[in-house]
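The two complexes that follow have chain A in common; it is paired with chain B in the first and with chain C in the second.
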Partner chain A sequence: MSEDTPQRPDERQVPKVGVDSWVATHAQRVEGTRLQAELARIPRPAFYAGFAVFAALLPAFTSSGYIVRVGFDTLLYMLLALGLNIVVGYAGLLDLGYVAFYGFGAYAYAMLASPKFGLHWDTLAVIPVVVIASAILGFLVALPSRRLLGDYLAIVTLFFGQLFVVVMQNGESVSFLGLTKHYDLTGGPNGIVDIDNWNLGGLHVGSVQGYYYCALITFMLALTAMYLVDTSRTGRAWKSLREDPLAAELMGMPVNRLKLIAFACGAAIAGLTGTLFAALNTTVFAINFDVSTSLIIVYAVLLLGGAGSIGGVILGAIVVNVSLEVLRDPNHSTWLFYILIVGVLVAKIRPWRVLAGILVATVAIGYALRGICAAAWPRGMQGEPVVGGALGSWVNGWVIHPATPQTIANVCFVLLVVAVLGLTLLHGWQRLVALPPTLYLAAFVWNNRLAVEPSVTRLILVGVILIVLMNARPQGLLGTARVEIA
Partner chain B sequence: MLELRTVSKRFGGLNVITELDLEVKEGEIVSVIGPNGAGKTTLFNLVTGVYQPDGGDILFEGHSILGLEPHEITARGIARTFQTLRLFLNMTVKENVMAAAWSHTKAGIFRSILRTPGMRREEREISQLAEERLAFFGDRLMGYRWNQPAYSLSYANRRRLEIARATATNARLLLLDEPAAGMNPVETHEITELIGRLRDEGGYTILVIEHDMHVVEGISDRVVALDHGTKISEGTFEQVATDPRVVEAYLGTSETSRK
Partner chain C sequence: MNWHLFVTELVTGITHGCVYALIALGYSMVYGILKLLNFAHGDVYMVGSYIGYGWITVFGGSFAMHANVVLLLVLMFTSAMLGGGLLGVVIERFAYRRLRNAPRIAPLITALGVAFFLENAAQLIVGAQQQQYNPYGWLTTPIAVKGWFLPSHVLVSYAHAIIIVGTIVLMVALTWFVQRTQTGKAMRATSYDREAAAMMGIDVDRVIVVTFFIGSALAGAAGVFNGIEYSQVFPLMGFQAGLFAFTAAVVGGIGNLPGSVAGGLLIGLAESFATGYVSSTFQQAVVFVILIAVMLARPSGLFGRAAVQKV
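This part shows the complex of A and B:
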């Protein structure tokens, strides 16, 4: 026990029950290694400041506008996840309509600063309006749903999210109750284009770098605010609400009001993020805020980083968005594909002799099939491998590349899925025997079909990364392990 | 201090509480006993506003608390613990207690972000309050335990923490729902003493549900026995424990009288 232990108020001789070293050393058992313990001693603001310095220097290290643009998008995901973290991570409310607030902010900025209505407001005036309007919208959405829990809330908010997209998609001809003439509010499927750049009281933001710094400053401000709220009365109340709403209510916390505040705060951050999005892209379309494009990625960022953790938002956004970008290149994604497969094999198969046997068998099957193929079906050898680089020279030697791989690879893809499902039914030596052909099939399908279409496969790969990581660390990268029932 | 007048509560066709009158005076420790399903926890839920009664009135310090939200009732000065523990398991021990200070503190989000002097003073006060309330339990919940998550506590310590949390609301009336459930004899003895100290040193009025008759005997100024939602006996422990209706409620009628 440390020296700062306060004096107990009474020195009566009470029996020592429940005071033991096992409980006292709880922290060490949970924390694990010394490195983790040392890291935990560094105050969290130091990490955030370190991130800010690193992020601020990024544009200095690269002249590539593309990398800065990816950095900007990553910062947007960080901001969105930070707002979602209030609703999901703190208050524990499953809000599936979250990106609608992001879209609302973007559309609101577009309407107030574009030729659409001839309005060209100063950004310093737009931001407070958008933030307050988003917060009010969040409040209104939460109003009918504040008594709903878990999946019911999820359905209602999902509906709201879809409603937003549909309204924006069809808002090119709106009449108030059929009484007025029809106005074009949202541009419908054509969206709103030619949106003004940020204009901060005469200071025009024109370049990607400029927006990158705007996003960074916005994010750091939001992060600081969140960090301060985290250790305040409201932060504690939100966490209590997540842990046990009934107990929170009975300990004097107005649960319904706290939910409304959480929704409004999350919506305000999302709306603010929307103004950045609209200004850099100079266009907004309803499909930008679809469930399938943005909501899933924001949730992936939040859950991967660890719901309830502020630092996790940073790490989660970097992992998800940077992998999505890196995987646009077939060579990069091929590296990842083979590393994932070998990694899983290394983790799961013991002893290493069996592992080596399986890998050798896979390659052997490849050479054997090439031999057969060369004799029986020469066209099967005439294809051009997509995968290049060092990895390509290792892999292309034993994988067949037919001249027209489309059909055969599609069939093999179906076979692969069947084979993987079949593997789960086999055990022991049967599984070991079935593994090399399946692996070969996977390599064949990858090289001939999946590597060709990185826009699709990168999503599959990120999905696989998420599955692997969430299985290994269900609480997220920086989240703390939670106990539900104990 | 607390007064129930002909309070009734039905769930569908089941009368859980029927025209119950109950009074708790300032500074008293009143125990509620009764077999399982007698309506004891429902009584607590009615007083704390989780349920609304179908009839009758509930007065706290002379004012009706009917129709108030549970958090408003807590703010007026009634706090409770739960039979099945409901701690904020993934928050630290100290945070659990600090969170309960909500109703008598003010700082909102903006003041928290700006860290105004008033907000910082309030935070210090909340922190001090939590330490004081935890210190009430000896060194069980002190020192290194402040920063441990609540789920790492032993069962008995969780019960103590729940009481500490309830007192942090600055309530004057505590409703303790089976504080000795699941405790070993030493801990049970200790909790008996503790309830006495809560009244004597803390100045709380206490309404307690308890099955352990040793605890009931040790702490009660008055005992109320419930069965099927009605009061079947009231008085000192000796009076109630020897009341034939109470014996009957717990053990059933004798073979001869039933036939």
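This part shows the complex of A and C:
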């Protein structure tokens, strides 16, 4: 029977049942290079193990406490992003109060292991308490909003995060409904100081290296758990919830319960991370957990790596945190800034002759403007360059440094934003012509203003990363592209 | 009962409520059409406030003003509304437009990124410190202190009067625009069903641009209102105001314009009574409780209709 079935002339490789044909063909079309295909064949755990080995060797390579400290902070971001990945990456719920759980964990550890209340619990006892309490808190926060659309959840959690900071900052005299006397719970703006080190059943952790390894072990345990959850029943249910809550509900999934579990799990990991933070810093202040800065950085970590991807969490945390550290120093950040610009140009502009032409034109504009300045506007040459280093000095050679650059550089910053936005509207030769002046403007603003204020510049760049990333590659570096079927 | 305190808080509450209502309208309009939570909206309000502040600086700074009050106010409002509106349009064009059909979370994160960028760019340009918005020297006393006294010695300052009258004027204008003009009709149709509106020949892109312009212009005006009442501006002022205004929009029923105004007044009054009778540190807690209570009792807001999700 089967042999005489005529072959249909238009028959092709049809996708398997259960895969949307459009999605499947889309995946085929974007199939990457041979290298990517080979990399995809290596099992994921091998990558994670490789990362663990490399990370474990880091303190052996360097004697610098600073580098180990940066590594510790990076691990904290990885842990935080791993927890956020459950809520945002898997379940698709926008949790904007996430750092409050982190702060809750830190404060809880501080209260149970510091002279504040005279409690000095063993860390092995504190951790389960903190993790369970954070999970319950997450559960309670998600409870009123579980039936609401994602956007309402975002606003409720954002409010919760704000409120957490306010409560911690004003918790130095709390009385129950005005009936009891006033107790000092959180130390208010002075925070809680003198927090104990981790004490694992008699084993005291005292050094940065020690905390680094504690954080690494915690992270690897959490990562293993997440790897197992990823393809488990609950993990698959979360992902289907993310893709289409209505369809998930129709398939009989307990949507509300899944949302609550996702929230509680995310909060538990954040609380656990908080204990590490409090123990290494030995102090906690409400301001450490403010919604804008810390939250945005954790989101940047998660989204840069790719929401829903475990490897992306590692990559995102390394890229974001190391870049933010590098940006603290004007000389280092100058390298980063120009390498980034040239990197984008190399990726976007072909052939290389055009690219070289653009770079030469930019430098030429610089020398021309210096010449004009020397003749007509002597004040424009009297400024002291801020950035140094090999690259910095070379750039200083062709960029103007006015005597008091603040006002003019501020105006140029606004112009630069307008110019970059304008560039996205131009095409072909117009864009190529407009590029050199824009690049020169960027160099001018960087040398005169942005490099001067590293603390603000870092945060501006985080904002820019989020906007550009979401517009150019919403799935992040390692995430899988989602196809929206309207 | 202390009437003085009560009436004072009532006046402050209504004034703040007007500012929140103006910001909430922008949230609500954008949400109604794009189903997008525009987190950057609070920062448009901040930028509007700074544009107004620019005119104060041009005319000699807070402490040595030499300008006609009426002229100055007109300049401040027109430029803040125009500037805010243009900023809103630019944000929509460059940050949100490509993401219209992306997964819901992408535009939300972009909005957070835009808000973060605006806050920090403002810190770079004008500095993080608070600036005096007080136009001293126009009338020997600032308009936030001069005014009429109600019985029981409650001050209704010129600033309060300007805010309340200005808000009423803007709202009447907005209502007229949305209800009576062709573009307003197109806006209502688009918010009802974007695809169907596009099929009926409505230029949806243009409607969205107009919506962003109007909503952001209202936020710009609110920024100036807030400046002349509080007498100060700082780069992070948009965050909390945006949060409260968004709560106002949710409480009133998001997408519903009269609801946003009512929600704004409710939040303003709640905030000011909480400050007067409880403590200023707990105003956020009070607003949060209102938000939770409304969401539990009427998830679609006090004035909103329950949305039926069609598949």
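Convention: the second predicted complex is superposed on the first by the 362 of 486 C-alpha atoms of A that agree within 3 Å, B and C clash if a C-alpha of one lies under 4 Å from a C-alpha of the other, contacts with A are read in each partner's own complex, and residues count from 1 in each chain.
Definition applied: a residue touches a chain if its C-beta (ideal position, glycine included) is under 8 Å from a C-beta of that chain, and two chains touch if they have at least 3 such contacts.
All of these numbers come straight from a predicted model, not from anything done at the bench.
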Legend entry - Which superposed partner A:D194 touches (first chain B, second chain C, both, neither): neither
Inset, instruction - Please work out whether A:C265 is in contact with chain B alone, chain C alone, both, or neither, and reply first, second, both or neither. - result: first
Inset, instruction - Examine A:V156 and indicate which partner it touches, taking first as chain B and second as chain C; both and neither are also allowed. - result: second
Inset, instruction - Considering only the touch criterion stated at the top, classify A:N170 as touching first (chain B), second (chain C), both, or neither. - result: second
Inset, instruction - Identify the partner contact of A:A237: answer first if only chain B is touched, second if only chain C is, both if each is, neither if none is. - result: first
Inset, instruction - Figure out whether A:V229 sits in contact with chain B (first) or chain C (second), or with both, or with neither. - result: first
Inset, instruction - Applying the touch criterion given at the start, work out whether A:L246 contacts chain B, chain C, both or neither, answering first, second, both or neither. - result: both
Legend entry - Intersection of chain A interface sets (partners chain B, chain C): 246, 482, 484, 486
Legend entry - Interfacial residue positions of chain A with respect to chain C in the complex: 88, 92, 94, 96, 144-145, 147-148, 150-152, 154-156, 158-160, 162-163, 166-167, 170, 246, 292, 296, 299, 303, 307, 410, 413-414, 417, 421, 424, 449-450, 453, 456-457, 459-460, 462-467, 470-471, 474, 482, 484, 486
Inset, instruction - Using the touch definition up top, name the residues of chain A that touch chain B in the complex. - result: 1-2, 4-6, 8-10, 12, 14-15, 17-19, 23-24, 26-27, 30, 224-225, 228-229, 232-237, 239-240, 243-244, 246-255, 261, 265, 480, 482-484, 486
Legend entry - Touching residues on chain C, where the partner in the complex is chain A: 31, 35, 37, 90, 94-95, 98-99, 101-110, 112-121, 123-125, 236, 239-240, 243, 246-247, 250, 281, 284-285, 287-288, 291-292, 295-296, 299, 309, 311
Inset, instruction - Sort out for me which residues of chain B touch chain A in the complex. - result: 48, 50, 69-71, 74-75, 79-80, 82, 86-91, 95, 98-103, 105, 107-109, 112-113, 115, 119, 122-123, 126, 131, 135-136, 138-140, 142-145, 147-149, 151-154, 156-157, 165-166, 169, 184, 186-187, 190
